[in-house]
Each structure stands twice: as structure tokens, then as C-alpha cells.
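Next up, some structures in C-alpha cells.
Both of the next two complexes hold chain A, though its partner changes from chain B to chain C.
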Partner chain A sequence: MAQESHKLKGYKQDKKMINKKATEKILAIYWFAILIIIAGAVVTMVSLFYGTPYDVRDAEANIMINKVSNCLSENGKLAQELFIKNKNFNGNFSLKEKCNFVFETELKGDAGEYFLQTDFYNLNNTKIFSISDGNFNLYTDCKIEEDKYKRISKCVEREFYSLSPFSDGGIFKIKIISVVRKTEKNVK
Partner chain B sequence: MLNKRATPVCTRNNINNYGNKLLSCKRSQTSEAMTWIVATLIIIVLLGISIYAASFLSKLKIINYEKEKRSQDLVMEESLFAYFLIQDSSVQEKVFENFKKMSQEEKFYSDFNSKFQQIKFNLNKK
Partner chain C sequence: MKKRGEILVENVIFIVLNIIFISLIIFFLFKQGSGAILFEQTYSKQIALMIDSAKPAMEIKLNMEKAHKITEENKLDFSEAVSITGNVVRVKLSQKGGYEYSFFNNVKVEAFPEKNEQNEYTGIYIFTINKNDKGK
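Let's look at the complex of A and B:
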């Protein structure tokens, strides 16, 4: 009887040892799986956040407007180059050249990622003159209501006043429309 | 006394009485497994929330030029310089009305009144 009881005790101890080893193995696999899941989630989170580029198109369009206003008007007076001899506006004035813009991008076969338009109005809000440069197709995108549809490009419109450089002192309201597409670089 | 249950209960009495037999405490095993399953699910849910938060935050990576508080607005300043150069007071009044309107419509990126006073003070000083 005592021998049998001793055998049973030994069997139980062996079984316990085997069970303990198996449990440890399962737990190790479990912890490894959890570790992989957490590491995967951290990698996903980092790539999601840092993989998305900053959308700087709005800032870029505003900087372009600042540059145009600075180029067209100095200390409240319009640039002489905007006019021809008989005080009429110069139709050959190029924003790109005079304001030192580079509209070419690294995207090959691209029609253009930028568009600039400057409209000159008198105090009665009558349009007198207009200059534009860049990809005109982008301008149509600005007419889409942003609340209803998502626009492809960013449009910024600003206006300012400036005086004629001549002694007659006529004042003009200048409206600048700046459009930046560059969707590939700014939106994921 | 024999245990009539199909699966023995792991109480102290039962273990004392049937300690020499191989008993499987299925209930405690099940509850232990449940703890692990729930813990795993909690970890997965928390990770899911974190991933969702990361993707939500990534969509907010937009630099809004207008909404950012700034002390300078070059376009507005250009207008103000032109305003102070106007000789005709009626035209100046009309332009100022337009400035007020633009300020109300929040078309200026910096504080119009403070800039107006600042430029006026600087021009008078000269």
C-alpha cells in the first residue's frame, strides 16, 4: 500500500512538472505574440503620424500673395513697371519674371502647380486691368464650394490698396488670387 | 462519500478528501484562461484606440496661415501706407470705411487698429 501511494505521489509530481513546463511554454508564446502586436501597433502609429505630410499649401499661397504685393507696390505706391508711357497698364508685365517666381516643380510632364492672378479695380469696384501667370486650369478649382466638395488645390484671395506712382494720385484696389495644387506633396 | 459531480469542485474539503486522486479543477482553469483572454482583449482595444488617435491626429497636420496669430500682415501694411499717402480726405474716408469692413470680415491677419495707430504714430514722428 505504502509503495503504491509513493508511486502515485511520484506520478503526480512528474505530471505537475510536465504541466508547469507546458504552461511556461504557452505563456512564453503568448507574451511573444503580445510583444509582436504591441510593436506592430507602435510602428503603425508612428508611420501613420509621421508618414502624413504637413499641408503647407495655405501658407505657401499666402507667402506668394505677400511676395506679389511687395513686388507690385512699394510703400503704398504701385511699381512704375506696371505702366507704360501714357499711364496705361503694361500688358506685357509678367508676374513670374518681375516677382522672381519659379513655377517649375520636380513633377515631370506637369502642367503647373501654381496660379497667380492680380486684378486692379478703381474705387467704384470696376475692373481696370488684370495680370495672371501659371496654370489657369487651377483657377476653376477655386470656384468649387469647399463645403460641398473637396478641392484639389488651395486658393487664397486677398486684397489691398495702392496708389498710382504718378502725381494724379489715383488709388487702386488690387485683388490677388493665389492657387497652389501640389496635392501629391501635401496630402496623403 | 463520493463526489457526484462530473467535474470536481476545487474546494479545500474536496482537495483534502480526494487529494490522492488526480483531480482536474476545470472551473479555476477556465477562470484563469478568461482572465488572460480579457487582458488580451483590453490590450488590443487600447492599441486600436491609439492607432485611431494617431490617424486622427495625422489628419490635423495642416498649417493654417490665417488662423495663426501673427503680429505682421504685409498686405494690410501696404494698404495702410497707401491710405496715409492719400491727399483727398473724401477718398481717404471711403478707403477707411472699406478697411473697417474688411476688419469686421476678418480679412486681415493681424490686429488692424493697433497697426493703424502704430503706422500713424511713426509717420507723424517723422
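Let's look at the complex of A and C:
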């Protein structure tokens, strides 16, 4: 009886060892699966992070607005070139030419990646004059509500006040809208 | 005693494999973060924005030490790293590829690397901005 019980004990111990080894193997498989999942996640996250281009269009649009404001207003007064006789605004004023811009880009066959619009208001907030340059189609993109749809281009709008270059003491509010598309280079 | 030894070897292999795995992931992360493609894009956009903000008669010095290191690793002359054609900046840090980005400021830009007295590259690039006499 004692011998049989000893045999049974030994058999149970052997079975326990076999089960332990099997569990270890299963654990090892799980471990490798976890490693593969971690590696996959790291690779995906890294390629997503580094694969997305830097979006510099906001900075570009802001620089453009700074340039326009510098070329329209000198020492707090609007440029004389903006006006013709009788203190009327000059309809032939070209932002691209006067502010020294070049709108051609490295993107082949593009319809224009930039748009600029400058609106002049009097103190009653009535628009009295407007000049624009570049691809007008981009302006419609700015009208899209960003919380509902994704815009293709970046729109930046800023305003400042300036005095009339004449001695009449006129004050104007100038609103500048700058639009930069360049989606291919800035958005994935 | 024999069994204990086996367990120890298994554990050692397991730990070694894990260390190899973590090292590979760290190496991959570093490699991705310091790749030529990433720096080509960063530098070309940085230079384009810098030129956009510049005014004629300016001279701008840009520290491009990282770009210098990458070009050395890729056996490319540092003077070939930046080229400006018209209003397009091209940064090339490896034998293949390169990244282009345009600027809207109508100026004439010349780019060349700075050298020290020993005629070695200092890692700094000099950009001279002048009025563009060509048609607008």
C-alpha cells in the first residue's frame, strides 16, 4: 500500500512538472506575441509621427501679412501709392508687385498657392476699398466652417489701423486676409 | 541541482532576448529621429521662412551642424547641402532624394557654407539676401 501511494505521489509530481513546462511554453508564445504587438505599435506610431510633414502655412501666412502691412503703411500712415488724384484709392495698385511677392511655387502646374486680400474700412466700419491678388479660389475655402469640414488651405486674418497720408486726419481700418494652400507639402 | 542550472540558463536567454528587443526599438527610434529625410524637410522649410521674413541687403547665418554631420555620414560635400534656384530652396543631405520648398519673397538669395582658417566647414550656412533685379 505504501509503495503504491509513493508511486501515485511520484506520478502526480511528474504530471505537475509536465503541466508547468507546458504553461511556460504557452507563456513564452504569449510573450513573443506581446513583443511583436509592442514592436508593431512603436513602428506605427513613429512612422505616423515622423511621416506627417511640418505645417508651416500659418507662419507663412503671418509673415505675408506682416510684409503687406509694412508695404501699405509707413510710419503709421498709408502709402501715397495707394491713392490717385482727389484722394481716391488707386484701383491699379498691385499687392504682388508693390510688396515684392512671387507666387510661383515648386509645385508643377498649380493654379496658385497664395491669395491675399486687403480691405480698407472707415471708422464707421464701412468697406471703402479692397485689393486682392493671387488665386481667388482659395478665398472660398476660408468661408468653410472649420468645425464642420476640414479646410484645404490655411487662412489668417489680421487687422490694423493707419492714418491717411493726407492732412485730413482720416483714419482707416485695414483688414488683411492671407491664404496659403501648399497642402501637398504641409499635410499628409 | 541540474534543474536549477537549466532554469538559470533559460532566464539568462530570456533576459538577453528582451535586452536585444529593447535595444532594437531604441535604435530604431534614434534612427528615425535623426534621419536625413526629416532634417531635409525641417531645414528647407526653416530656410524658406527665414528668407520670407528677410529684407534685401541682409546676411543671415544659420547653424546647420546636424546637417553637416549627416552629410559627412552620407559622404556628401556640405556645400551641396543647400541650393536655391529662383524662389525654391532645396536641401539635400544624402546621395538620393532632397526636399524642396518655395518662398514668396521676391529676392535674390545666395547660399554658401562658412569655412574656418583651416578651410574646414564650420557647420554654419550663410545666406545673402539681395534685391531681385529680374522681372517680377
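Side notes on the structure shown:
Convention: the second predicted complex is superposed on the first by the 140 of 188 C-alpha atoms of A that agree within 3 Å, B and C clash if a C-alpha of one lies under 4 Å from a C-alpha of the other, contacts with A are read in each partner's own complex, and residues count from 1 in each chain.
By definition in this document, a contact is a pair of C-beta atoms (placed from the backbone, for glycine too) under 8 Å apart; a residue touches a chain by one contact, two chains touch by 3 or more.
Predicted model, so just to flag it, every value in this text is computed and none were measured.
Residue contacts after overlaying the shared chain place A:53 against chain B and chain C alike. By the touch criterion defined above, A:44 lies against chain B but remains apart from chain C after alignment on the C-alpha atoms of chain A. In the superposition on chain A, A:105 contacts chain C only, with no contact to chain B.
In the superposed model, A:86 lies in contact with neither chain B nor chain C.
Within the superposed three-chain model, A:97 lies in touch with chain C and out of touch with chain B [touch as defined at top]. In the superposition on chain A, contact of A:123 is made with chain B only, not with chain C. Once the two complexes are laid over each other on the shared chain, residue contacts for A:160 go to chain B alone; chain C is not touched. Here chain B and chain C are compared by how many residues of chain A each touches, and B touches more. Shared interface residues of chain A (contacting chain B in one complex, chain C in the other): 38, 46, 53-54, 56, 59, 66.
Of all the residues in chain B, the ones that touch chain A in their complex are 20, 22, 36, 40, 43-44, 47, 50-51, 54-55, 57-59, 61-66, 74-76, 78-88, 91, 94-95, 98, 102, 107. The touching residues of chain A, counted against chain C in their complex, run 35, 38-39, 42-43, 46-47, 50, 53-54, 56, 59-60, 63-64, 66-67, 96-97, 100-107, 113-114, 185. Only residues 21, 24-25, 28-29, 32-33, 35, 38, 41-42, 45, 48-49, 52-53, 86-88, 100-102, 104-107, 132, 136 of chain C touch chain A when the two sit together in their complex. Interface residues of chain A, counted against chain B in their complex, comprise 5, 8, 12, 15, 30, 34, 37-38, 41, 44-46, 48-49, 51-56, 58-59, 61-62, 65-66, 69-70, 73, 75-77, 123, 156, 158-163, 169, 171, 173, 176, 188.
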